[in-house]
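Below, each structure is written out as structure tokens.
Two complexes are shown next, each including chain A; its partner changes from chain B in the first to chain C in the second.
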Partner chain A sequence: MSHYEVKPGPEAFLPPAAASMGNVLPDPGEAHIGGKIVPEEEAYDKAARMILGAKVPTIFPGPLVLWKWTDHVAEKAKAIRELAIEAPMRIIPMADYRPKYPKIEAAVEINPNHPNLTIWHNKIDVCIFIGVHCHMANLSLKIIRGGTSCYTIAMCAMSGHEDACLSFRDADLAMIEKLKATIKKLKSEGVESQAIPFTQFKMSRSGPIVPA
Partner chain B sequence: MSKEKIVLCEDLADVMPPEYQELVETATYGNQDRGWKDIGSSKELIEQHSLCAGCPESIAFRYILASLPAPENTVFVGSTGCTSLVFPHVAVHNIHSLFGNQNAIASGLKRTLACRFPDVEKDVVVLAGDGATVDIGLDMTMQSWFRQEKFTTICFDNELYANTGGQESGLMQKGFVAKMAPKGKSFEKVRLAEIAREAGCAYVAVLTVSKPNRVEQVIKNAVLVAREIGPTFVQLYTPCILEIGKQSMEGLDEMKDSETIGGRFVQKEYITDEAQKLLDSIKEETKARKKAAKDKKTVTA
Partner chain C sequence: MNKQVELKNKRIIASKHVKLGEKNRMGQTYTDINDIFYNSEQTPNFMTGSEVIREAIKRASVGTSVAYPITPQSEAAALIGEIYAEGYLDEYFRGESEFAVMGQCAGASFGGHRVFTTTAGPGTLRAMENFPMWAGSRLPIQVCVTCRGINSPLSIQPDTLEMHYLLETGMLVWHAETAQDLYDFILKGFIVAEQPDVHVPIAVCCDGFFVTHTKDTVDLSPLDKCLTPYDPYRNPQPVMDMETAPIRMMRDPFVMKSNYISYATHASWQQEIKAAVERSRKHTIPLLDGLIDEENIDREILIVGSGTAVSQSREAIRLLEAEGIKVGLVKIKTIRPFPYEEIRQATKNAKHIFVPEFNVAGWLAREIKANIPDNERVYVGPHVAGGMTMPSEVIVEEIKKHLGMEVASRGTLG
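After this line comes the complex of A and B, so read on.
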């Protein structure tokens, strides 16, 4: 069966939900690339190459990994940080889902209601969603595909996301570590990161301690 | 969620927006003496709001959130209306229900939480407008009271349907003319507090939100009685300044006027003997605890 190819946009003001075009989610042990179901192994390689080839690769961690719900989540957060350092990638949190007024600080946060603002502002060309609740990830991924040319990767802990350009499923600690290991391996084979040098911003209670 | 869960993952904490760092460090989760006086000196559990500038609902939210006995173990159930636009900005778990269904949802939720967390007291608090409570949701509201469901119902009474442009509500005053009710209300304001008392609420209070200390006491009473005894109901006058043609600064005066002798919102409470006994004992315990803490402080000093 031919599939609807989930490519980076800008596709349209309101791109169709990939599921409505007949795209299905991967089964355990699988992933999808552009809507095509592939073995998980293939997705690690593609994701790692996309990250290394990007100028502004960025991780968007969501509330499920930002808050210490359990000790296991804290381990995941650590792995995410290590992944960011290894690549290297920026980290910009999707701390919550509220429509912020008057608007978000696009340099240091992303919001599902207008994720395009953060992508445009930082010129992000490849991003990873991780720890974002499914319905909010779906909403954002579609808006990003609609209005930006960013390549989206979902490290989904549930069944995966049709609306990402590439999606893993059942993404646990081991899978985050495996993505990091894949990046490391490619680097050792001579694939160089194209990321523009940056300093990761840092926040305190009273504002930025290391500006974005 | 418990207050132990309101902690950021160490490895990602330094990228979190300042408001969350503040929430973790200075919010009053877990403080059994929390109250309206914390406003200004600790992080509030509402970050922003989406109401009209000066809307009394916003200050009502702030007082209620500051007064909940255990916000970390509370779940709000909201309904469509101006209030529902505020919940995304609130740092307490909340569920948005279909307009009018809030007390049915809360009934199921309270029972489920009691099964799932038998050792933790989980408070359920409904917070909805007058349209949701007394008109479209009256069936669900009253049935939950008849069944003696143990949660609190708070009604933000602005005497009309504000969010949809000013339609007539059961709690609107007789004769009132609104934008979408041009002929004027033809029947009296429904006496919801008396209905609540007769339907089985153990604690009922009607007041405005002009005085934070009163709001704090009423909210604490309502939540604590609902925990131990049965349904409780709080009706708060939060005038819709937009629909009654007031300026942003005039909400407070409107509330004060309505609570003077003979006004619609002179504070009143209906408390069953059982609930009164409980409130008296809680008062005694709190007094004894605070005295013991004070004595201890003096000794250490």
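After this line comes the complex of A and C, so read on.
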């Protein structure tokens, strides 16, 4: 069995890929927490508690949910926004995968080539990757684990991510709604969000619109 | 390092492809790989390895195949041309060289086709730059490598040295012992390579002539069942078309820029490709019934090999058995991912480990020596190279010599 625990960093100058350390992805109906395979139900509870306990919980939606390429995606995007409002969580998009040069606008965007810059700038302590192509998500997750102390959650529509601290697989609309419902339930039981109050920025074609 | 993935139920996760159960233009039904191999009658046929490649491709729902002649794969490439004419493939053409072929394969794969090609020896080397490019671009192309000599003075005869060059390309590398393996590996290889968590190219290797040009009995799955088509929407990264977001990486200051960020991204990228190869274990183990086969591994003397060296070793073991020398066998089916843990376990009781190979480098022995404890137990050889055969008697002789036993005289001059 693998003994490699996937936990928040900063871990190393170049942390290993968890798959190369022997970690295996969950099967349908399962998730992983820290590299340990668990029933999906357990992961909802852990993810919800991590989100509620964070000061700057943030969702990083990727191109797969930012662009309406199917009707299902539009439904997912709406559910992600509702999840963000329920928690509450910031939304910082990973709109595309090009490295930003000469400088990223770390307050309003994240990029897989240097995701650590956005996390450091915003002091993000828990994040969710959703709608990011798996290769790019794994690229980011390793860099984040290497250089930041952010707890990473992946809601992957495919097979999941060993390089996240917690990963779901086959994440569809129902699973996003279930995570929101779990957060709502915990809040009704008295678990309070520790998020620092914020106003979600909005973007125009020419750049961020400063919140009123 | 690597955990041994458990064989939970010996079935790969079933396909949910939207075309499952539908018929293609040839009247074949798109069928889950589990049903093709485990719930369908397999019919014995007597044919050459080249013909086996043709039969596998008939059932593989391949979109594009690109051909270029080089012995010993030319016949297989020509046979695929014939089934293209019959309507089994969407596209088939001849490239200008192996380098061009592999670039053209990349284009077809970027475009969303399942792609198959064949090459051998110097062709593999000429094409080499493309293989890590395929892997880095997460293109699940399959190339069947019918191994032959690569060096000058040219030999067209079997030699597995080219496999050594493939090991760190980021591709899956499987090594077929027999024509049956070749058939199974081609069909199963597509399914493993195209898993979204794997999604890297695969080289299905066999020893040229020994497998491609000899006839053998091969169990074939029904012709009216074929693999579900490639689903490009399960690609773990968008097409790198170099011009358009979201992945216009090449034209932006990224690859060319010398800074820490680009190095870190490249490093993470390379790790991800290696990780993808490791992830293939989970899908490969149920389909191939493990990454290795074991026979009598409790014995003090073991032969560990891959490809037709295994066939020769089986006969050597029979000859040794007749003399009262008991030898076990480990057959390695996947070179990448390398079955580290499986081999450590299989060899833990062995006192002498022999690694016969059809190449001058002894790369398989090197891999094994690097990954087991007390590696002085590994005897690097016997080797043949350049197209020599490896008579079973040579394996017997080497084992006996190494163990200090009396060996029959080869005769002397004069």
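Basically, the second predicted complex is superposed on the first by the 209 of 212 C-alpha atoms of A that agree within 3 Å, B and C clash if a C-alpha of one lies under 4 Å from a C-alpha of the other, contacts with A are read in each partner's own complex, and residues count from 1 in each chain.
The rule we apply is simple: contacts are C-beta pairs under 8 Å (C-beta built on N, C-alpha and C of every residue); 3 or more make two chains touch, one makes a residue touch a chain.
All values reported here derive from a predicted model rather than from experimental measurement.
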item: First, second, both or neither for A:Tyr97, with chain B first and chain C second; value: both
item: Which superposed partner A:Ala74 touches (first chain B, second chain C, both, neither); value: first
item: First, second, both or neither for A:Leu173, with chain B first and chain C second; value: neither
item: Which of chain B and chain C A:Met158 touches, first, second, both or neither; value: second
item: Touching partner for A:Met136 - first (chain B), second (chain C), both, neither; value: second
item: Touched partner set for A:Pro16, first chain B, second chain C, both or neither; value: second
item: Which of chain B and chain C A:Val24 touches, first, second, both or neither; value: second
item: Common ground on chain A, meaning residues reached by chain C in one complex and by chain B in the other; value: 95-99, 101
item: Chain B contact footprint on chain A (complex, rising order); value: 61, 65-69, 73-74, 76-78, 80-81, 91-93, 95-101, 105, 108-109, 200-207, 209
item: Chain A-touching residues of chain C, taken from the complex the two chains share; value: 1-3, 5, 8, 13, 138, 195-197, 199, 234-238, 245-249, 252-254, 257, 261-262, 264-265, 267-269, 271-272, 274-276, 278-279, 281-282
item: Touching residues (chain side chain B, partner chain A) in the complex; value: 5-12, 14-18, 20-22, 25, 47-48, 50, 88-89
item: Residues of chain A defined as touching chain C within the complex; value: 1-2, 14, 16-25, 27-28, 63, 95-99, 101, 112-114, 133-136, 138-139, 142-143, 146, 158-160, 162-163
